[in-house]
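Next, two complexes with chain A in common: one pairs it with chain B, the other with chain C.
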Partner chain A sequence: MKTKFLLKLSPLLLPYLVLFCGGVFLTFSQSLGFLTPLPYEGGLAEAYGSILSSPSFYSSFFFSLQVAALSAFLAVAAGTLLAYWVWKLPAKLQTAALIYKIPLILPHIAVAFVVLLFWSRSGIVSSLAHSTGLIEGMQGFPNLLYSGWGLGMILAYALKGTPFAMLLVMALLLRFDTRQIQTAAMLGASRLRTFVRVVLPRVAPAMHTAFIILFLYSFGAFDIPYILSESRPGMLSINVYNLYFKRDLARRPEAMAILVIMFCFAVLFIFAYTRVVNRLENVERKI
Partner chain B sequence: MDLTLSRIGKRFKTKTVLEDISFDVGPRELVSVIGPSGVGKTTLLKIIARLDAPNAGEVVFSSPPSRKNPVILVFQDYVLFPGMTVWNNISFGLKSRRFKKAEMRDRVERMLDYFRLQGQRDQYPAQLSAGQKQRVAIARAMVINPAVLLLDEPFANLDRNLKMETARFIRKTQKEFGIPTVSVTHDLEEAFAMSDKIGILLEGRLKQFDTPKELYFRPNSHDTARFLGPVNIIPRELYPFFGVNGQGEETEQVLARPESLILESRENGPGWIKEISFAGHYIAYEVSLGERIYTVYTQRDSFRPGQRVNLKLVE
Partner chain C sequence: MKHAFVFGLLVLLFILPVIVLILSSFAPGWRFPEIWPGEFSLKGIEFLALHKEKILTALGSSFVFSLVTVLVTLGMCLLPASVFAGSEFSGKALLEGLLLTPALVPPMTFAMGLHFLFIKFFLADTMPGVVLILAMFSYPYMFRALVAGYQTMGQEYRVCARNLGAGRLRTLLTVELPLLLPAIVAGGSVVFLVAFSEYFLVFLIGGGSVPSFTGYLFPLLSSSNRSLASILTLIFLFLPIFFFLVLDTTLIRVYRKKGII
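Moving on, here comes the complex of A and B:
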């Protein structure tokens, strides 16, 4: 009976066990110095010690956190507002508004190039500003992409994440009863109050899911930072890449240690985020 | 405050849903519009609530509704805000109008008392029964003192034994608050019990608009009469059997409700009992007279099948 049950679940369990659990196990082992391509001569937790005592790790960690949080917040906010706007359009225009899904099929790296082409000092916006006489030369255009704040990456992740957030929010809006909005209006609520008190609570679950997924993706992804990141502080993913491929083989456990720390952070983040959301919702319900 | 519907018409593409609907709702009056499902009753309410626009005619308010005194439509399934407690649902309209906290608390408390919802003040809609949800929806409307209250099928989601109680409660509430109210329903008994006036909506037209008694006992057409319940047709040639004085009347027939006919045991009576069925608070007799079958409701159970009887119409 049990075997039959496990067999039925095997299409799901096998990839999970082999790829996910196997990958985490291998990464964790290598971070401790086991199963490395070359014999590791350091101590058991030496890689962790070296990473956690390095100030550059912390600056990279908090920089990645900032880029991920800001871009996910912007994507969810813009995605929710746009989804609401599209949902309120007449049915005919709603079909036309499906073009919002197009950026979903663009690879992240393509979005990075789009941002680069538009917002770099030699990009399209800068050229337009120059041709309209707003700036005198390339140097007059603010260095948005490499200002030290990760604006380029934030913009790229937000652009890529917005249609994704829209898609999730739209799925809930399509099941939303429009009579709730009519009732709120009859009861005298302004559009803003109706949106905040009636619509937002209904789409909040999709917003939270979108935020968690987008945040964790941009926290650890490599493609967009490879095009748009700056050297200092660098994104964690770039640090891992450099440690693994561009440094001494002996430093590979450090790269693995960063990956394990990132994984632990992701688990902790999901746990803390859902707890905070639940608590906030309960507090709101108690008022 | 009163409102007048003047020649309202509504089409959806090529289908005419409402045609030439006119009636008045006086101040402090409760009007019900009765009709079968799909006849356009909810559309009519939406037009009064200005959630839909008519293709013809207009709704005229003696003083136009405003944000302060709006028209409120209570939907069939109440549409409470699911993430808000009963207290927050009721106070929603007051908060939207930026009422001061003390006055808001005072008003909501009064509503909770009046609508017997004190025990549910912190509960969410999902935790309430259908009757409680309806009371919350009406309280949420009443708390802001609406110009007109519209009720869409107020008995549709209630248990059978709760319907009449609710009808009486709605009537009492409406009289207490004095807000002109229009209700649409297909529950006849409840509409009769609570309404000052009733309109019969059949095939998109208002067939008759009158007081419940007039409507029931003096329907102006067969369609209206049949819609309101079983009706017997007494042709002119049978007037003498029923004791109908047809002199001076031009009509070729009289419509009579089952409860307007009296059965009398008569050895050589013109009719005979064809069928008897027990219906709880009355007994229904099918009486054969001439080539017609007449239905009579009475509480007397002394008649037997085949018994010869006389029929009398009570005016």
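Moving on, here comes the complex of A and C:
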């Protein structure tokens, strides 16, 4: 019975253990200096030492955190609101509202390109500002994409993430009974109050899932930063890329050490986030 | 009024970029400060025709490895999903959570370690290597969809087919798979899109010897030839839409024929 059960799970468990766990293990061992392409001269934790003692690592780490948190928050907030509004549309219009799926289909690099078309200094918004007389020339337009705040990346991730959050929230709304909203309205709740007290608790699980996925994706992904990133502070993924491909092979353990730190952070984040959400929900239930 | 507002917002966010991409495709000379392109030309399309072979190779290769990735994830998840949907065992929630992590943690963290292994086993710079890494990163979407599919299907159909004397394989092929088709299509579409639009993993493991559409598009996006980049981006948008439409209509036809709907 036991072996049969394991056998049935094996098509998934085997690749998971070999490729995923094995991959993480290899990253980890290379960060310690084992199995590297060149024999590593340094000590066991030397790569970690040099990473953790450089201020640029911390600025990159917090910069990645900030871009990820802001973009995920924006996407989830906009996605939830839009999903709610679209859900309230009459059925016929809802079909037309399917246009929201467009950025879901576009790859990340294409969304980054769209942001470039619109928001660069020579882009559409800048041209619009010029023709309405808001700015004199290209230089008058704020350098949004290269301001040091990662605004370009935040915009791109938010644009790509909004429909994703909408999709998840919409799936829960489909099973939501409209009469609850009518009841709330009859009992005298304002529209805002109905949304906050009746609708939001219902769609909260989808919002949390969307936030975790979007946050971790923008924290560690490479595609969008490679097109829209600024040189300093860079996203962690770009630092890893540079260390891995552009620097000396001897620095491979440092790239791997950053990856291990990113991995641990991601796992910790998932645990901490679900913990906090569970606890908050329990508190709410008691009230 | 309210509807118009919601629609305006949707159009502004999601349709306007497409319109700008279409305009920019036909206006290579569209520069600041023009809000509307000064002149239209077919230069971008001409370039496309000139480099037809390279573009088609990249597109075809992307299409093939994405489809194979879908099939591989399906093969990986089919049996385990039936176990997860049909039985309770200790540690199920934990195992399910663990199995979903590859889609959550940054894929770089395991892909770069694996790169070493793939080089040793001659999987680096090959199509199978690319498929494996993409499948490893995208199978959770297929898994979730299949578990949900098995749950809606329930056990009864299978039990009934088995009672009537159908073998395991026959039950799977003639009873379960057709009923699971909506779930497979849902999960498969996501896996396909993830694989089709991934740049970094294909670049890392494929190393340039596995052509991909993202790899072809990437250098163009930051070049000055915005017209060409726009055209290729539009292909990225409309090809999957077309593909899904064809898939949808054939599926509906199949269901009608079988009398499912």
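Rule of thumb we're sticking to: the second predicted complex is superposed on the first by the 287 of 287 C-alpha atoms of A that agree within 3 Å, B and C clash if a C-alpha of one lies under 4 Å from a C-alpha of the other, contacts with A are read in each partner's own complex, and residues count from 1 in each chain.
The rule is short, and it goes like this: contacts are C-beta pairs under 8 Å (C-beta built on N, C-alpha and C of every residue); 3 or more make two chains touch, one makes a residue touch a chain.
As the structure is a prediction and not an experimental result, all values here were calculated from the model.
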Combined model on chain A: chain C and chain B, fit or clash: fit
Which of chain B and chain C A:L268 touches, first, second, both or neither: neither
Contacts of A:L52 with chain B and chain C, given as first, second, both or neither: neither
Most chain A residues touched (candidates chain B, chain C): C
Partner chain in contact with A:R179 - chain B first, chain C second, else both or neither: first
A:P163 touches, of chain B and chain C: first, second, both or neither? second
Which superposed partner A:V276 touches (first chain B, second chain C, both, neither): neither
Superposition-derived angle with apex at the Cα centre of chain A and sides reaching chain B and chain C, degrees in steps of 10: 80
Which of chain B and chain C A:R193 touches, first, second, both or neither: first
Chain B versus chain C as contact partner of A:L17, first or second or both or neither: neither
Minimum Cα separation, chain C to chain B, after superposition on A (Å): 19
Residue ranges of chain C touching chain A (in the complex, touch as defined): 3, 6-7, 9-11, 13-15, 17-18, 20-21, 24, 31-35, 75-80, 82-83, 89, 98-99, 101-114, 116-117, 132-133, 135-136, 139, 143, 193, 196-200, 214, 217-218, 221-222, 226, 229-230, 233, 236-237, 240-241
In the complex, chain A residues that touch chain C: 5, 8-9, 11-13, 15-16, 19-20, 22-30, 35, 37, 82, 85-86, 89-90, 93, 96-97, 99-100, 102-110, 112-114, 116-118, 121-124, 126-128, 130-131, 137-138, 159, 162-163, 212-213, 216-217, 219-223, 226-227, 237, 240, 244, 255-256, 259-260, 262-263, 266-267, 270
Residues of chain A that touch chain B when the two form their complex: 177, 179-180, 182-184, 186-190, 193, 197-198, 201-202, 285, 287
Chain B residues within the chain A interface of the complex: 49, 51, 67, 70-73, 75, 79, 81-85, 88, 92-93, 96-97, 124, 140-141, 144
